[in-house]
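Since the structure comes first, as structure tokens, the remarks are kept for the end.
We call the chains A, B, C and D, going by the order they appear; numbering starts again at 1 in every chain.
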Amino acid sequence: MKFKVSAQLGYAAKSTGTIILNIHALRTERQKVLEETFTITPQTDAEELITATTNNRFIRFDIKEPGDYNITYDALVDNYFEVHNYKKYTDISISNLHPDVLLYLSPSRYCQSDKLYRLAENEFGNLANNYNKAVAITKWIHNHVEYLSGSSTSETSAYDTVAQQAGVCRDFAHLGIALCRALSIPARYFTGYSYMLIPQDFHACFEAYIGGEWLLFDATRLSPLNGFVKIATGRDAADASIASMFGDINNTTIKVDCQFADEGEFSPFYHYPSVFDAVTYM
Amino acid sequence: MKFKVSAQLGYAAKSTGTIILNIHALRTERQKVLEETFTITPQTDAEELITATTNNRFIRFDIKEPGDYNITYDALVDNYFEVHNYKKYTDISISNLHPDVLLYLSPSRYCQSDKLYRLAENEFGNLANNYNKAVAITKWIHNHVEYLSGSSTSETSAYDTVAQQAGVCRDFAHLGIALCRALSIPARYFTGYSYMLIPQDFHACFEAYIGGEWLLFDATRLSPLNGFVKIATGRDAADASIASMFGDINNTTIKVDCQFADEGEFSPFYHYPSVFDAVTYM
Amino acid sequence: MKFKVSAQLGYAAKSTGTIILNIHALRTERQKVLEETFTITPQTDAEELITATTNNRFIRFDIKEPGDYNITYDALVDNYFEVHNYKKYTDISISNLHPDVLLYLSPSRYCQSDKLYRLAENEFGNLANNYNKAVAITKWIHNHVEYLSGSSTSETSAYDTVAQQAGVCRDFAHLGIALCRALSIPARYFTGYSYMLIPQDFHACFEAYIGGEWLLFDATRLSPLNGFVKIATGRDAADASIASMFGDINNTTIKVDCQFADEGEFSPFYHYPSVFDAVTYM
Amino acid sequence: MKFKVSAQLGYAAKSTGTIILNIHALRTERQKVLEETFTITPQTDAEELITATTNNRFIRFDIKEPGDYNITYDALVDNYFEVHNYKKYTDISISNLHPDVLLYLSPSRYCQSDKLYRLAENEFGNLANNYNKAVAITKWIHNHVEYLSGSSTSETSAYDTVAQQAGVCRDFAHLGIALCRALSIPARYFTGYSYMLIPQDFHACFEAYIGGEWLLFDATRLSPLNGFVKIATGRDAADASIASMFGDINNTTIKVDCQFADEGEFSPFYHYPSVFDAVTYM
């Protein structure tokens, strides 16, 4: 399915410095970037970083003099998701998990799974399998946590969200990840453009590794699961932040858009707990 | 009802210093101390502190030379509790609460009610009145939190216990207090000797102010509500700690006992959520 | 010395509820309230609460219908402070502290002295006496913590301020209190009107109990120590908050003023570490 | 230089499960594993995991029935370190850092550099270059933090250690990493066997990326910088834990040894702040 996505970011630099952005659509087997433009005004050289540890697309550029900088990113992306049925499948034991997946079992900065395992066991431990557990976790978060702009900060973690019961998409995702890991289900953070999200913004949700696939869960229920253009995955928001600024540089504006750009009608797919179908992008 | 209570505490002092104990049975209208002995070995002068702000019985004494010190406290206490029925009663609005009670609405060190109000509202906000809410809170804690020695420290707060779901009597009490206050129900910490508690130790639970009475709740369900000899009340454990040591002084041993010392049979009274009766000591 | 103080507070009530204010000038031996008016618009009955545990002046009133409410407080206050010299004095041992003062040795919500005693010992433990320690603590905070509006929240505690090194007057006060208590110096929170504070606002600082007096310290150095009109004291901000609202009620505006209203010239007195003089109001 | 290292670990398994160990000597250009044996009693199959993101050597094996398990690891390792002089060198700007190094600039679970940047700037911001800063950080930690077994837990982070000023090698390392990153110096966690460490145990310290090399720093000063056999590196202890157990499995014993096994005399090299030499292993 084709989507047109765009992001416009403004920065006020009071000093020289460096910015690293992570707003480019990911290139994967299932997501092709058909067209893409990236401009910085005033014109500034930028490089795409290639790392050994992740295929997230980090763009680095230097701010060589103080001033206002505007970034524009536009892309036409073609991706496809699959919907699998998880009524009958077999959990993968830890001893059979691919080594690259084990990383996503560990607690991380915002997902202190080691401190939430009793909660996870008490609420979800008796469910039949990892799919049921992940679905129940997503539902529990949706029911217990209020989506409330401004209720959390960049320091808020899953541990806080359990107690405070309010947050934004990032907090919903962190809590989902932490509860999955507490039950030995690998889980990771996912950022992307999101069609039909109101208001438009970068969105975050989480993927759980179930039956050999990374399944997508969104406890906010704010956008259809089949309307995403993936930007990045990571252990939590610390691995996939939209922008890192080094120097006295502040973000001033942010504008995001995601449009359906394919033939036919878009048929939104939301996950309902009663259904055994789940969406996977990769 | 008469109880014989005793406490034996050992301290190793590597320096001179001061110890303040709070182990004496409280003297109230409903609790008479019939006999009482308090000794320090080697013999040391001690004074009972009289303060303007609390009638808790603090005993202060100086450690004038390093060494081992043993404290023995024995008392015969006669107290009575009342069992009231709360099927029909009227909640007291904040505007009618006695000023001395308002203090117990504020968040405190271990009871961060200001950070738990969404949880409290979500779980208990719809219940009919403060009695029902306090009963439901007690039941919820009993069902969600595991009593587990060593699972918490002196820094553990209600905020932690919500996430970690394990603790000791002190943690159960703090969580009960925090959730009550989050719903504008005054609540305070209570320490005492506790008949039939196994193993014998100082016990902590909480009182909620409902219908003009301080009602006793024990989310641990480890001892009968009518088997207490009250030592102290306060905002939380910071106000009612068994011992405060100033200097290089450590507690080495602790032994506590509480025996029924009245005629007839002791008939243990545990609170059950289905019943509208509640125990009040004062 | 006479000061005219005033406060104007606006509240938007979306529900009925209750407000408790703590903005009235304290009445003490050394602070006389000569004139005072307090009005609520629209007209609303209010009562001053008399409690057994504090002489802070809490004013309680009910919001009987939703709407906008404006509070005006004006007072003419005559107080005097004393300046004592602490070059030669004797520390009071814990065994000789008045029982009512012991309370201010304990850790509290925002002042976790029990977690900061190594820091306190390492930085200040070798100083000659409690006066020198309190002066050094005040200076250390001034040098290490940046005064920065918006850098802290109502949840920020002394523990956080040690690491984050930024805060507002409340945070400076909490850290001072915590470090004093960690060294067994009783310390308490102080709120007041403050002449020459720019911009005008309620101010917070701390008092340490030294040589039998409560001495005033202000690590922010933002206002003269002899320009205060005392509102309240307490263990920390939890005991002395300007306003507590019960119901869906929000503060919308706040305006504070403090003018010198006596004959002659006001001669501002700031504390300098090299001097052995200290200010006490009570 | 050749070292013989060994580790013996005991586990009590009350259930089936999986253990992942990270105790094998790392294989790098500068560290050769000459001989190595690894046994599990009772005999159990184990596999070495190969991951895309790290060359740490994780060993995974299943516990197929409850019981006691003993692990023995022995190795003969030949490694070499270099001592470079950093009197004259050029800091690498963020825009020139290798992409794989950027990861080590981000805050992580135990190293909240984003919350400590004012502290870092205030204490070290004025120093001439990254080498001087890293040396000063190491010295500052050594002077401010007490090495005290049992003073911290697996949840203790750099943020805590700043306030509590006590910890073990892991805490010293986390604080060093966090302060480096707060100054935009890449830093990572390092675990290893350590010759002359008393008592023998796994040791942790940190590496800072300076002038294109990973330099080794040990704020504990408990062992010579040239006596290490490297096991793992990572963002913090969450990436390099000695053992991860899945199931009801507990570690019961741990015994570690590291002996010099080369010709000649071992000449211990400790870092002194006045010297511009630094050790790098890789």
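Convention: a residue touches a chain if its C-beta (ideal position, glycine included) is under 8 Å from a C-beta of that chain, and two chains touch if they have at least 3 such contacts.
Note that the structure is a prediction, hence the values are computed from the model and not measured.
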Legend entry - chain B and chain A - chains in contact with each: none
Inset, instruction - Can you check how far apart chain A and chain D are, centre to centre, with Cα atoms defining each centre and the answer in Å? - result: 30
Legend entry - Chain centre separation in whole Å, for chain D relative to chain C (CA means): 46
Inset, instruction - Give me the residues of chain B that touch two or more other chains. - result: 115
Inset, instruction - Could you draw the chains as nodes, link the ones that touch, and say if you get a line, ring, star, complete or other? - result: ring
Inset, instruction - Determine which chains touch and list them pairwise. - result: A-B, A-D, B-C, C-D
Legend entry - Footprint of chain A on chain D - complex, ascending: 17-18, 20, 49-54, 58, 60-62, 93-95, 99-100, 102-103, 105-109, 112, 114-115, 154-155, 184, 238-239, 244, 246
Legend entry - Touching residues on chain B, where the partner in the complex is chain A: 115-116, 118-119, 122, 144, 146, 159, 162-166
